[in-house]
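In what comes next, chain A is part of two complexes: it sits with chain B in the first one and with chain C in the second one.
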Partner chain A sequence: MKSIINYFKEIFWGLKSLVKGMAVTGHYITHPKEIITQQYPENKATLKMFERFRGEVVLLHDENNEHKCTGCTACEVACPNGSIEIIPKRVEVDGRKVKAIDQFVYHLQMCTMCGLCIPACPTDAIVMANTFEHAVFDRSKLTKILNKPGSKIMDGIK
Partner chain B sequence: MNWLYDFSILTQSIHESLSRNFVPGTVVLIEMILAGVAFMILFALLGLVLVYAERKVSAFFQQRLGPMRVGKWGTAQTLADVIKLLMKEPLMNKNADKFLFNLAPYIIMISAFMAMAALPFAKGLQALDFDVGLLYISAVSSLGVIGILLAGWSSDNKYSLIGALRSGAQIISYELSVGLSLLTIVVLTGSLQLSVIVESQADGWWIFRGHIPAVIAFIIFLIASTAETNRGPFDLAEAESELTAGFHTEYSGMKFAFFFLAEFANMFIVSALGATVFLGGWMPFHIGGWEAFNNIMDYIPPIVWFFGKVSFMIFMMMWFRWTFPRLRIDQLLTLEWKYLLPVNLMNILVMAFLVLMGWHF
Partner chain C sequence: MEEIIHDQELESKEYFINMGPQHPSTHGVLRLVLSLDGEIIRKVEPHLGYIHRSIEKMCEHDSYQQIVHLTDRMDYLSCHINNEAVCLAVEQALEVEVPDRVKVIRTIIDELTRLSSHQLWWGVMGMDLGAITSFLYGFRDREMITDIFEETCGARLTMNYNIPGGLFFDIHPNFQKRTKDFITYFKKKLPEYDALLSDNVIFKQRMNGIGKLSKEDAISYGVTGPTGRASGFSCDVRKHHSYMAYDRVEFKEILDTEGDCFARYKCRIAEMWESMHIIEQLIDNIPEGDYKVPTKAVIKLPKGEWYQKVETARGEFGVYIISEGQRSPYRLKFRSPGFSNLSALDHMARGCKIADLVAIMSTLDLVIPDIDR
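For the complex of A and B:
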């Protein structure tokens, strides 16, 4: 007797779970506003990239053309595939020679957008920008120098 | 516009004008050719519309947009696909059985054509009205499995063979459930003739008049017919994640398109059969005794009712396909032999008892 009751119970629970699954997809088809596909080239003007999207590494500059990079190479060490190369130089500040960056070289073609360099930076000088469309016709354009010409380090950053 | 409500006016006038100009033998020949051409056009249109509908519906079930580029809302996408398939090279395995390999797609197409011939599309619009129409359709629609088995056998590919044998096991099992669930309604109608089945629903469709047994039979029919067309959660014969494409792995170009078309045509056939038997076919929604209401419903042409019901059934099958995960082969057979078949047999007994006592409407 018990097995017969269990048999019908199984059918009932099975049907119930099937209806539950169909309710989920039924919700999707009745709510076309929730569609997540983007019509990419057409919606270029209104397209807003997500905050957490990782497009490329940028070195932040303020309006005085100053950045926060000390040239400590922590990001270069943290990078798993050698996309970042820091070329340092010695500059004279208050009569003593201090290490600073000459060129912050970033190889976009090698970058996997893992973002490990961002938390490695002790001065929060670099961030991940949410830019896209990085395709170019000349490979050398992918090697970028992130510090702008004539820029220098911000006061008080060591 | 009278012919829209009763197609026999149209067919009669064609027959009379032909009889005036030709001898009887030629008239029959011309009429057969006309019907054949009409079915071929229907077949092609069904392929175009259903492939587009499937892609769009599946996209919306998964929060996607589906084809959007070719034509407005991607409406010309299937046409573009047809052109692509026509231009593709028909490839064949070196060790394939050439005769059977080429024969298989035609067997599947022919079985779909044969089944479609007996469907009542609207009042007076039925090519063949057998007195065993239901039996005929369920017989010829299961002939398609021979095509699938041949395709799997002749491809010289282990995946194709596994897919074909799975399909064979599946159709042999589920054919039983389809037949028995249809028989549940035949108990009510007392006839296997499709036109009689439709006429018997003039006071209300069997799914409403047959109490709970009819609803159970309808659910079983939906499940079993989905399995019979190798679709949805029962697409073990194709199983693209494990068997690449199952029985049509080795096919390309138009031969592949035939399998693809036959799948959609079979979906249409089982949907039309279900709509005819359970939902009244082309019969408008009538409630026995409500004359005014019935007259309002009669304003909608029968062909619209038929295709509306068929699209409802097709939509349900698409809903199943894009919701449920695929069953394993043992689960598939367990579902049929341990659940659907016993429930079906009990159901048919209950229905027979109801009819015997005259408790149905």
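For the complex of A and C:
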């Protein structure tokens, strides 16, 4: 007799536990405002990333097309996986030759977004941008030259 | 009649089956070779190496600042704690005492990492057993923690927030408010987890008494973390070898004696409550001060050996550095919890049905890049 009662008891408690779980899911069906899904491609216009988000390395340029990079290669040394490659050149300023950057090459495909290059820069020339849509069809497009054509170093940066 | 029974062809033979490396419930690229007798498992043989990246070798060529970001790629669900282990070992070698502010912030983010790891585990655990609902609920709550990380550390998963001697940046002004909001929110939501899975009769029957691991076996296999504690092995590094701010907070070490899948499940759910308790004690008392101590641009450790262990969401994680006085270590060894926990899988799964193996693996909470490195 006892085993029969236990048998029905187990069925009752089992069904009750299932109903309890269904009550949670049922609550969210009837309260659609509590659902927090973001409709990503549609909400692109309003989507705002956090300011510290590390998306890619960019070289800052001002309105005169001038940047702060002296070509000291501190970021190249700090980078753990060789994402940054600086090709220097000699330019003539006031009659003497000074080292400057020819190309600031950035291999996005190798970058792990660790952010070690940013504090390494002595002149704060590079920052991490918030962009995150890096997918391209051609791999060679991921190798970027960060200094804009015709840009030169700002006055007074050494 | 008797002749037929004794016929060799009717005797059961061992049958081999490959589980993985692409099996969805192996959480990555783990290959298990199972020897089966019908549906019953006779032997489990894990085959590793599908995601080996030789991180330990790479560390021998990197500077100490650069090593930190490689540990993100091992146990990616508790990456902040891994980072901290390397930083603690380097700080121990340099004999640097980090400010109180750093200690408290690191502890808070440690516990947030543990929470987010357990939330993901809970979601995936339900999905392994055939309930996709729990996956969505687990990820919904985890999203709030990843937002906190993204705002303060700059990334959602591979945070790289620690540097030898402190932190990358100070905490974001919104950090305390967001964390407190999350704690109040999650205290309401955690009972939902119980209602959905813990009390469910189907779930209970698939977990109770499956994959038993005794305390002696847990110790001899080196099983740590919630998996070991569910067998009654008191192995919480936070309690026994306290680091950072864990000595100034009050928390319980969750222990169970059953050692089966449901005990491991209960241990992790209880740990979530404990983590929230730890964060609550610290979040209002972050001391003022610097967020890092200045270190040299090129860190050179003196000649010697150092070992530092921390408690990740999966168990004891150790970093062993041998330095010859150069800018990079002579040898660096990681003791990863996943590897030791996996070694006990064969012992636990013998005699179980093949469907139980999925439940056992799920409660071990394996992260494959942590095992393979």
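Please note the rule applied: the second predicted complex is superposed on the first by the 121 of 158 C-alpha atoms of A that agree within 3 Å, B and C clash if a C-alpha of one lies under 4 Å from a C-alpha of the other, contacts with A are read in each partner's own complex, and residues count from 1 in each chain.
Assume a contact is a pair of C-beta atoms (placed from the backbone, for glycine too) under 8 Å apart; a residue touches a chain by one contact, two chains touch by 3 or more.
These numbers were taken from a predicted model, which means no experiment stands behind them.
In the superposition on chain A, contact of A:Gly82 is made with neither chain B nor chain C.
By the touch criterion stated above, A:Pro122 is placed in contact with neither chain B nor chain C. Using the contact criterion defined above for the overlaid structures, shared-chain residue A:Pro32 touches chain B, although it does not reach chain C. Between chain B and chain C, more residues of chain A are touched by C. Shared-chain residue A:Gly21: touches chain B and chain C both. Contacts of A:Phe50 after superposition on the shared chain: chain C is touched, whereas chain B is not. Looking at chain A, you'll find residues 18, 21, 24-25, 36 touch chain B in one structure and chain C in the other.
For chain C in complex with chain A, the touching residues are 62, 65-66, 69-70, 72-73, 133, 140, 143, 147, 150-155, 158, 160, 168-169, 172, 192, 195-197, 199-202, 204, 297.
By the touch rule above, chain B contacts chain A in their complex via residues 57, 59-65, 68, 319-320, 322-324, 339, 343.
Residues of chain A touching chain C in their complex: 13-15, 17-18, 20-21, 23-25, 36, 49-50, 52-54, 78, 80, 112-116, 119-120, 128. Residues 11, 18, 21-22, 24-26, 28-29, 32, 34-37, 39 of chain A touch chain B in their complex.
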